[in-house]
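Look for subunit A in each of the two complexes below; its partner is subunit B in the first and subunit C in the second.
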Partner chain A sequence: MRGASQAKWVVAAVAVALAATACGSGGSSGSSNGAANAQGTFSYQSTEPQNPLQPANAMEVGGGRIIKTLFKGLVDYDPSNGELRNQVADKIETTDAQNYTVTLKSGWTFHDGTPVTAKSFVDAWNWSANTKNNQINSDWFSDIQGYKDVHPEEGDPTAATMSGLKVVDDTHFTIALNGPVSYFEYKLGYTAFSPLPEVFFTDPAKYGQSPIGNGPYKFVSWEHNKAVTVAAYDKYAGVDKPKNGGIVFKNYSQAEGAYKDLVSDNLDVLDQVDPSDLASYKTDLGDRAVDQAQGAIQSISFSLYADDWKPENLAKVRQGLSMAIDRDTITKTVLNGSRQPANSWVAPGAMGYKDNTCGDACKYDPAKAKQLVTEGGGVPGNKITVLYNADGGHKEWVDAVCNSIRQATGVECVGDPKPDFKSSRDLIKNKKVDGLMRTGWVQDYPLNANYLRDVFGTGAAANDAGYSSPEFDKLAAEADKATSVKETADLYQKAEEQLAKDMPAIPLWYYKTTAGYSKNVQNVKYDSFGDPVFTQVEVKQK
Partner chain B sequence: MGRYVARRLLQMIPVFLGTVTIIFFMTRMLPGDPAAAMWGDKAADPAQLAAFKHQMGLDVSKWQQYLNYMGDLFTGDFGTTMTGRKVTDLIGESFPVTIRLALLAFAFELIVGVAIGLFAGLRRGKAFDKSTLVLTLLLISIPVPVLGFIFQNVFAIQLGWITPTVQSSTNLGQLILPAIVLGSISLAYVARLTRTSIAENLKADYMRTAVAKGLPKRKVIGTHLLRNSMIPVVTFLGTDLGALMGGAIVTEGIFNVQGVGNALYHAIGRSEGATVSGFVVVLVLVYLFASLLVDLLYAVLDPRIRYA
Partner chain C sequence: MPDLITKNAPAGDGETPAERVVVPEPQAEKPRSLGLDAWHDLRKRPVFIISAVLIVLLVLFAIAPGLFTSVDPRAGDLSKHYLSKPNYLHFFQGDWFGYDGQGRSIYARMIYGARASVVVGICVTAGVTIVGGLLGMVAGYYGGWVDTIVSRFTDMVFGIPLLLGALVILNAFSVRTIWSVVFALVVLGWTQMTRVMRGSVITVKQSDYVTAAKALGAGTGRIMFKHILPNAIAPVIVVATIALGGYIAAEATLSFLGIGLQDPTISWGIDINSAQKVIRQAPFVLFFPAGMLSVTVLAFIMLGDAVRDALDPKLR
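Up next, the complex of A and B:
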């Protein structure tokens, strides 16, 4: 929390410094802030949505970002620091982290003029969770009581509604969960929990081609394979009213083309700079280049379940190996500055992020590294392998990491490429790795619990290392029982300290949003998901 | 002639069925589960995954899927994508774009290629001929992506004549540059084929006769020489039309043209068998009809060729 707001200030300071230097150099790049045209529209690099535009049906970014502008749920995340803020919800109350009472604000309407009521939420969630309706994000509702009835592990649903959801009146409804989940409110910020208007249920498929939401923008048109256009909704009741007239989500099949269009001002806001232009994009775009941390982390995990890595006293060896990696040099050279060296297991921008929880173990110190590895009894066989998928552009950095380890500690280190993501994933999932493996995590929601419990909890789906620490589990369970998200985040920071002691996975670096914008727009900021804050983009007056 | 065409059309049926069968099984053998691919890198919810597979008809054996697919195909149903869109809709969106692009490229390589080849062949061994050989060699050896990037940088970024990518795939003017890039390699082949053919036929008996008859030079070249020299060129152009339509993946990617190449590229990436085979079925038909057309053109070009 405290760390997150510090990070925000650092970003702000850098932005000011950049703006200052731009002015000093004459400001000829046209970057100076001008008057904004509130009706102006801008274009954004996007991809063709893979699914009908229904809120629980967008997992890929192409559709996901459009859904984000069309719908608004009970709460959302403040783009500047990842903190939760109320949108349609007036308040969400709970005493036991299991039973929630939701009070809605009045005055919210869908784009067709009908009011947003408690029923809009409850009906939407029941429909989306139902197996029969084939929504990709249907398992997001699994915390709610009665989920098993609409979404059994096998076979057809036995009920149409979840028993845990009850409408009290137009502005109140209650949620009962299967057990206490203190950060359930945080999950509610995900677009899958958006409300749906009554017209949706008459023909969901048709609705998916021209959706009606309650968000800052209303749907205008979807020209398949070409563009999706949305326009600002003038009766939007949220705190983030659009400062522009609308967005055109332009379909690009390759990032190189989008980048060239941006440089020539034929495209206004970029999603991500393509790898081949990374080296030069800062000189091309000047202060219109964006470079900030994203809510995703790259790491290498140990196969703690394999005989070689089971002995508990090997923690020192693992710390030594972590210390042997020169993160600064590798991110700057091999990765062209597209990553930011990591010193904790949670990415900045998430609530509960704390700087440097890894401590000395994540600082490059070859002498100390060698000493630790020797003290810990050395690496089994004095040789390690790092498993990775060869189709994801990982070879370069894995080789660099191995070189760094070899030079610092004298331990033989080689990459172990598998042909594609799926085959490497199969080995990792079935716990058939002996040595080290490339692992990574992209946040589902910006809270440290998502980086910790879902990755390092005993038996968690993404616990690739097979890490199982009674201390960590105990601290995590305590955190889950807390009644406020703040408390949860603080308690999870304690759990994170246990990771520093055991080092089940070596944090390497955070992903970064490397993007930019054209001369036609200003005030373009990106959130920790790497999405631009669409409502704040200002279109310059021509 | 009519009987020949009928026979050829009948022959198309087994060829068509064979290719569709091969394509069906090849696309279904692509690694990766198309239903699980909808979840990307995340683990799919098993119950939802099973529901998806049932809806898409992927929960029965491959042979049963094949029978279902063929049955649907003959009623004009090409199946649906994993996301529930009709493959025929996708075909309807992307083929017009690619046909425009391919025809532009085709016209470019035909007109420019034959013209260059004709002049080079008539002036064999002269400066124009030699520079043509160098130029075409250069075009053949530059890979399409490199040519595309050079054109993009020169004409869009530096000169600013056009936008770097195609802003509207239905705008013919914007398609000209991608069409030139797409047609450039074939242009080199057409020029070289025409040149060699012209140079050879110059020495033919019928040429000597035509000149001896005292025909004007225009007629000798236009009717006798060019027409007879076109046979190898037409053979090449016939198969090239199909290649231009299916093989524009790279060019369409560089210039962001939303045509067949792009659609195929994405469908393969998501291992969507129905989409890939649907597109390939149409491309097979294009190839079959193009080659029939080429064979019929032989008879038009060379009176010695007769079909019975």
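Up next, the complex of A and C:
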């Protein structure tokens, strides 16, 4: 997941963080409803897919969103609340969170008419995990037993298949993991776990240009650097049957151009409003403007591994600094309402999200902040720097946060911009930061474990703060051993309470989806990943 | 070097002739130096007077910003002042020119921003004049292989685009201050002075008084600094004065691009950068630092023009 989360951050950092200016607040959807044309197609603002269209080879949004419409895995997430729901799977059973038995529904077919069987999944996963096939998302399979054999750290694979995957019959197969991962089912909703038809294995490269999936839409055409067209698949067996006839993913290199097309109804659904139009998009689009929370959080982490920040009694100082930040005002002014102030380490919309786990430590209180910083012995050197990447539109809010801290506590605070995302990320990853750094997290799957264990667990790939708490690790391990996802989520909430005590990272705010749609479509909703729910879009009768 | 002629010389002798206008005889005995001549000429030119007043004001901003405003230029109150509009009648107060996107007083930042610009401008000019002037003099005086080496090296450095070179140099600094920007601009900027100085020295070197000094057995140092330098420096001063404005603009450009000065240093370039993002909602945020930068650059270029006219009447 290391690769997945970080590279996703690249895209998110650019796409999402550019959304630096919007205004007001308020709801979404709810335009005047007209009769829908089930055959009607609509267009969507997209970018050229980076790789051939193979399910485990799309991490960036351009290809990822198209793959999501073409393929459907065992399970997916209900776009309205992030709950897991069965798609191809009839049931997924486990008693120990390590060995799973999957039962498939019958009646699912690929777009070429061949049935979706247990073999379609097992072969697809084995192929995608194989290091020879060089799939970007191959490490998603690393929980499965035998992954190391098909994907060794270096060198050629010693096996062609993972020992943890066994086909029982056409509708049953078993998965054995290296250890218990109670939320493995949640991971299964990611597109990398999609099935592949027989025809794929004859020529994967050619297939990547005209994929055949099992999802709600079938592939029609790919005009490179212009558009990808998909059409509704009439034999789709999933619960989310398309309410429209198809989608045209139109490429835009300039977000401003897409916005202009949307306003003039030449484009139907927008991905993100470009920053320069954020201030006015609500007036331009009226109730067709979309502004809702997204599964991503922005935070500032401390370099707990650096000598200055190692002492344990500094927790009070860290809480004090958190209280010195006026989140409400900064999101309303500098960020123009495009973010929602955070009071927990998990974004709303994820399963297991609990409001206000941060408590008082995330409420603006300059007097208390100063008191806590003094009680904790003060900030080392009475000066802090906040490292951030200058290419992501972060300067304004970093400056505002610094001003807020300086004025509340008297601690000198300056931003420390690095020219681009990569150079700042390299410093953070190699633990070379001394002070504070901008960090954030875009969910891989909508479950609180993803925000907590993968970010704050000892040694986790994205543990930028170098946080290591025996108490947190113990609670997280307990949660991982739980047998149901629900239980896991509840137990992780306990682990989250430990973060409030230690404050290894200051939660700042949650991202929001700021988008809109044209007069030709209705019922456009966005899920917690910031993608529109394509199948629900209704094209109006002309 | 430039101060010797443009400032010190007039300060000492400049007053005398003006007071003794009635009795010109004793004055006529003493020949006027080039600098004195230029000063007389300059005093009468309105362009010079306007630019000089502006520059004096800027230098005052730079030395004692506290005289002009009591507001802390780094203090921002987002909840009260986010992008609030200017109050044009509140002269010299925090809200005179409104507040920027961080709730900071634009007027205070405009005043405090002068320091970075003035210091960078003057230091870079001094730096390039000394480095470039010396190299140019050595190349021009000795000629031959020394000249070849210096000139080719100059050409090489001259070929590096200013912004590209500054980007490379400044990225090497983890914390960039005024001095790192000065360093980068001097490293890339001295070539122009070398070329001007070399040409000027070559011309002066052939004069009779240089030959005479040589014949009288004067040392190389004496000839270079007593005979050649004072007579060859005029074009360098002219180019340096005009370039000063350019260096201020270069600093603002680098800061604007995010590779020049950094917080907490206050610079018009940084402010222009942050203002461009809110230009549709609050154009006044851009107007004041940008206007101040234009006025400053203009003042130095006008001064340079006036000095050139005075020192080099042939160009008039």
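One rule holds for everything that comes next: the second predicted complex is superposed on the first by the 511 of 542 C-alpha atoms of A that agree within 3 Å, B and C clash if a C-alpha of one lies under 4 Å from a C-alpha of the other, contacts with A are read in each partner's own complex, and residues count from 1 in each chain.
Definition applied: a residue touches a chain if its C-beta (ideal position, glycine included) is under 8 Å from a C-beta of that chain, and two chains touch if they have at least 3 such contacts.
Everything numeric in this text was worked out from a predicted model, so none of it was measured.
Taken together through their common subunit A, the two structures put subunit B and subunit C side by side without a clash.
Of the two partners subunit B and subunit C, more residues of subunit A are touched by B. By the touch criterion defined above, A:279 reaches subunit C but does not reach subunit B. By the document's definition of touching, neither partner reaches A:211: not subunit B, not subunit C. In the superposition on chain A, A:395 contacts subunit C only, with no contact to subunit B. Look at A:417: by the touch rule set out above, it reaches subunit C but stays clear of subunit B. In the superposition on chain A, contact of A:333 is made with subunit C only, not with subunit B. In the overlay built on the shared chain, the residue A:256 is in contact with subunit B alone; subunit C does not reach it.
Contacts of A:138 after superposition on the shared chain: subunit B is touched, whereas subunit C is not. Between subunit B and subunit C, the smallest C-alpha to C-alpha distance in the superposed model amounts to 12 Å. No residue of subunit A contacts both subunit B in one complex and subunit C in the other.
Those residues of subunit C that touch subunit A in the complex are listed here as 74-79, 82-83, 101-104, 171, 258-259, 262-264, 274, 277-278, 280-281.
By the touch rule above, subunit B contacts subunit A in their complex via residues 31-32, 38-43, 45-48, 50-52, 55, 82-84, 89, 93-94, 152, 156-157, 160, 163-165, 167-169, 252-256, 258, 262-263, 265-266. By the touch criterion given at the top, residues 20-21, 275-276, 279-280, 326, 329-330, 333-334, 390, 395-396, 399-400, 402-404, 406-407, 412, 414-415, 417, 419 of subunit A touch subunit C in their complex.
Against subunit B, the residues of subunit A that register as touching in their complex are 48, 50-52, 59-60, 131-132, 134-136, 138-139, 151-154, 205, 224-226, 251-254, 256-258, 260-261, 263-264, 266, 420-422, 442, 461.
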